[in-house]
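In the two complexes that follow, subunit A is the common piece, with subunit B as its partner first and subunit C second.
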Partner chain A sequence: MAENKKVVVPIGPYHPLLEEPEFFELYCDGEEVVDVEWIAGYNHRGIEKLSESKHWDQVTFLVERICGICSTSHPIAYCNAVEDLLGIEIPERAKYIRSIIGELERLHSHLLWVGLAGHFLGYNTVFMWAWKYREGILDMFEMITGNRNHYAMLMIGGVRRDIEDEDIPILQNTLSEVKGKIQMLTEAILDDPVLSARLKGIGTLTKEDIKNYGAVGPVARASGVDIDVRKDDPYAAYNLVDWKVITANNGDVFDKAVVRLLECFESIKIIEQCLSAIKGKKGEIRKEVREIPEGEGIGRHEAPRGEVFHYVRSDGNTSSPVRHKIRAPSYVNIPTFKASCIGETISDVCIILAGVDPCYCCTERISVYDKEKKKKIYTFEELVKKSIEKTEKIKKEIGKEGKLWKKLF
Partner chain B sequence: MNLKLKSLKKSLWVYHVSGGSCNNCDIEILDLLTPRFDVERFGIILAASPRHADVLLCTGIVNKKCVERIKEIYEQTPKPCVVVAVGACACSGGIFRDGYQMAGPFDKVIPVHIYIPGCPPKPEAIISGIVKFLKELK
Partner chain C sequence: MSVLYSFSYFIFSFVVLSIIGLFVSWIDRKITARIQWRVGPPWYQNFVDIIKLSGKEILISENSNKFMFIFSPILAVTSSTICGSILFLVLRKNLGFGGDLILFVYLLTIPSLSIILGGSSSGNVLASVGISRELKLLLSYELPFICGIIIPAIKANSTTSLIEIVKFQEINGSNILSLSGVIGFIVILISSIGKLGVVPFDLAEAETEIAGGALIEYSGILLGFYKLARAILFFVIPSFIVILYLGGTPLNNFLGILIFIIKYFIILILITLIRNTNPRLRIDQALKFFWGWLTLIGIMGILFVLTGM
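Now for the complex of A and B:
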């Protein structure tokens, strides 16, 4: 493949910032990207196989450790799968608590994304602010579950811990505080002419692309495909509360940011409703499950990045799954780079890769090879620098920043 | 204390190595840089290249595909350097200990000086671990 293309730019697999090691190769003609290749496996831990050697209850904690950002999405999907196998319905209070945890996670994940996207565009203030607001959500997690990450809240048949009545007013207060901050960030981002010039029209995915690649989550919703498991196949308490699916039409990186930011408000709406639904009431939080009979089940959950799918099979004799298949959202979202990166410039690739949200991560070490095997190493910093330079250039061209930014920073 | 160690202690430049982790320790490390914990007030910053680093913060199990690259990163780091294993996976393998892809934990591949357990360790724990080590360093 490399012979007929001028320059190959490998990205990854190590990065000083975040997320799993992944490895990308960009084939470039000058500044323009003509093809993208993805090499996976740097983060393979053999979880599906490990799960076959663990007890049904232990698998909940194993799948939690697939990803640290969506660390409750996998347990929810897994529990849904086992409950589908068992054919049981969980108590209503457990449903609400599951929804609360799921939505809090979406909030922290989207804020994390906004911060990093800001960092890559040269708005380091956004990075610091967004991560500062995120701490409030982590505090809520610590209060409810006892840990900042890896909440260990889920178990087959319900949840492990109850939310105490005396905690609820504090949670509601923190939530309204966070809401104000996100409101401010959202207005600032939507208002900013530099960000509009920088992000609008790059990394565009059409509806066709989404359908061809089977993309899910905010990536699909930004292109106008209203796919959301919470609405399409309701589980937990999502059919008991009032909320709507956020979509946008253009499918560029700007719209992906908009979808994520607006989703935060829907999440807050869901959490508020769930909290007031469980306030002052008592109830079972789990159903006892003694045996897992023979059979198979599937479970789905809308993780911050899209649909998580779990399949489990039991033979009725052993105390662990015979087969456990997991499909994470990034698995289908990453190949969309083929559609979104090609034709763009190297300075935009950083934010396009970031736009899908698996992989700022991967942009750590870039080396450019050309046909004569001359090698130039781009570090991650240089890539970010290129991205920042472009933002600065646009800033100069436009000659002003958004009013709100000035007010804020 | 020799000159090298003395200058090392003043301002630590940190390079973050992920050998196949779940991201959580990685995020907590990143969290250290943000306003609530802000380790930059101690002179600790993230370096973009191992060649500029004094400290390697290692997270995750060591994946079979990563082994060679991690050794390479360790060789590129100027000595003396401090290697910190952050999190249960990096210290002992954690829940992935029995996995077929496990080639670690980190101390099987490169020498490790500090172990910070926890899944994930809280940012306070990471700071406390490094501070304790610096006090011991002579």
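Now for the complex of A and C:
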């Protein structure tokens, strides 16, 4: 294979295409890309390990820092996991508020992607317009939570802040304004002949590819696989409101854009229903949680990029999780480049790589380097082996297998 | 004496063209900003950019061919300045010589060629991708561009002198007022966007794909020279189109100059609007577009002008 690999065109570690440090090596034959390698691990922060030294309540805010864009997805999944461990049901009002926050985040994240995709294509007008429209949503966030980002709304057993009744008409107004703007943007993008020529038929992922790579979220839905945690395993208020899963059939970059843009309208529909459901009513917004018993729990949330998964285990004695496992959607979405990029041109590969809406800070895994020799010490296989060994050791230490282990194996 | 005169004329036109070019580039940037709901830079932004670049360190990579690396940006700026000074001669002094149209076309390819030279001497992988694109683009837009030039040349009784074309339009009205003129105007406008290297034909630089392409290794005043050459072309190419298609007003009084400026801005705004409402094309799409549709339309225009339409 090595001798066939032609010129290496680097994308990263610092490249205007991607905002985060990661490295794609494109092996090119002229403009055509014949192979792609991906090197990550520039920015591993060890959040799983860190959360084992924090209090249960603090972890909610720690996991918010995993990603700046989908910053409420991780807390929702984490709280779902802890509530699964506790076996409690949260109050209905808290469910609605969680859904509102989750969907607002989807809106702003999708608009952010649309803008960035425009920028990557050299279409800076779309970039600026989409981000301008996103401002309205950030203002709504500021109104509800006090922050434009890192909302700190979630806590175990409910939410931290209530949405005031007098705010709701303003929120509804802003939402309908934003809806009109997104409608305009969607029409402009979907009817643009040059964008269609540029995006249709590139980076196609078939249903088979989606299954092989286990891709999730809009990437999977663009290929006609209608997986969505909100429908498949409802949490928060998603089974209390009326909405549908958006899918497309072709699986190319254009369809990914279509799915994301149309999902915005579903999100607006959900938020509108949630707002009118809590309007004029009073209710509890959280359930008191005193202590976390021994046990384990899993929580999932449909983040803007797909399913995010959290696993927590408590030993009942300490005030922090003994194990906290996180899997972000980009971890399964990014590797699809093997199926979608090879055979395309450099220009197309750039937008295909961005088409899965990659979030590298969620995805980063540990890599161990020798500073003097500038060489990797552990290969991927060795790290996996070490991980399995550690799991076996922990199982022995605990002396018994948890309920989830029994369920899974 | 005459050598000294020519040299001082060159320096004079370099300074004037730089000021005009940087100013019109600012107008382009400002319109772009307003379209995108931004405030945009102040009027002196491009000037301070160049001043800042001239104070920066010039980094030359070890793999590069040092002479070509330094020589190419100077070549770019020189050739675009000569283009501009020919235009000045034609516009202000009604001077010219037979065949200056052909010289002009040659000189306009030199900035692109110098980008190719500079990029290939820098020894960077991304630059090599950039120059391969620039080369393909140069080959592709040159054909419709020449179609667009031939049409007014045939109209003005098959001349190769710019001044003849100007005089022809003074007597018979602007070239754009006929069918072949409209076709030629559209063809030359679009292919000149390719020549200017802005979106949708900025493939050679394509910041988000190949991080600046051919210019990736350039820094300091050498990069500044390329920016200057680009800025001067931003004045020269639209003015060239004005001369070829929208002429007809003598420039010997204030009104004539004002009308020329208005015509120039119409073309500048058209280019700015096109670049803000389109994404970047792929290289194969750009080639197909230039060699397919645009050349066909251009040849149609030539046929029309030959039949007198």
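One rule holds for everything that comes next: the second predicted complex is superposed on the first by the 349 of 409 C-alpha atoms of A that agree within 3 Å, B and C clash if a C-alpha of one lies under 4 Å from a C-alpha of the other, contacts with A are read in each partner's own complex, and residues count from 1 in each chain.
Methods note: a contact is a pair of C-beta atoms (placed from the backbone, for glycine too) under 8 Å apart; a residue touches a chain by one contact, two chains touch by 3 or more.
Being a predicted model, the structure only gives us computed values, none of them experimental.
Undergrad: For A:Met128, using the defined touch cut-off, is the partner it touches subunit B, subunit C, both, or neither? Pick first, second, both or neither.
TA: In the superposition, A:Met128 contacts both subunit B and subunit C.
Undergrad: Please indicate which partner A:Arg198 is in contact with in the superposed arrangement: first for subunit B, second for subunit C, both, or neither.
TA: Second partner only, subunit C.
Undergrad: In the superposed arrangement, does A:Tyr78 touch subunit B (first), subunit C (second), both or neither?
TA: Neither: A:Tyr78 stays clear of subunit B and subunit C.
Undergrad: Using the superposition on chain A described above, determine whether A:Ile66 touches subunit B (first), subunit C (second), both, or neither.
TA: After superposition on chain A, A:Ile66 lies in contact with subunit B alone.
Undergrad: After superposition on the shared chain, which partner residues are touched by A:Phe254: those of subunit B (first), subunit C (second), both, or neither?
TA: A:Phe254 contacts neither subunit B nor subunit C.
Undergrad: What is the contact status of A:Arg45 with respect to subunit B (first) and subunit C (second): first, second, both, or neither?
TA: Once the two structures are laid over each other on A, A:Arg45 reaches subunit B alone.
Undergrad: Can you give me the overlap between the subunit B contact set and the subunit C contact set on subunit A?
TA: Residues common to the subunit A contacts of subunit C and of subunit B are 15-17, 127-128, 132, listed in rising order.
Undergrad: Note which residues of subunit A are touching subunit C in the complex, please.
TA: 7-10, 15-17, 28, 30-31, 118-129, 132, 192, 194-195, 197-198, 345-348, 350
Undergrad: Of all residues in subunit C, which touch subunit A in the complex?
TA: Where subunit C meets subunit A, its residues are 32, 35-38, 125-126, 128-129, 132-133, 199-200, 202-203, 206-211, 276-285.
Undergrad: If you look only at subunit B, which of its residues touch subunit A in the complex?
TA: 15-18, 20-28, 30-31, 34-36, 46-49, 60-61, 63, 65-66, 69, 73, 94-96, 98-102, 119-120, 122
Undergrad: Within their complex, state which residues of subunit A touch subunit B.
TA: Within the complex, subunit A touches subunit B at residues 13-21, 41-47, 49-50, 53, 61-62, 65-69, 71, 112, 115, 127-128, 131-132, 135, 148-150, 364, 379-381.
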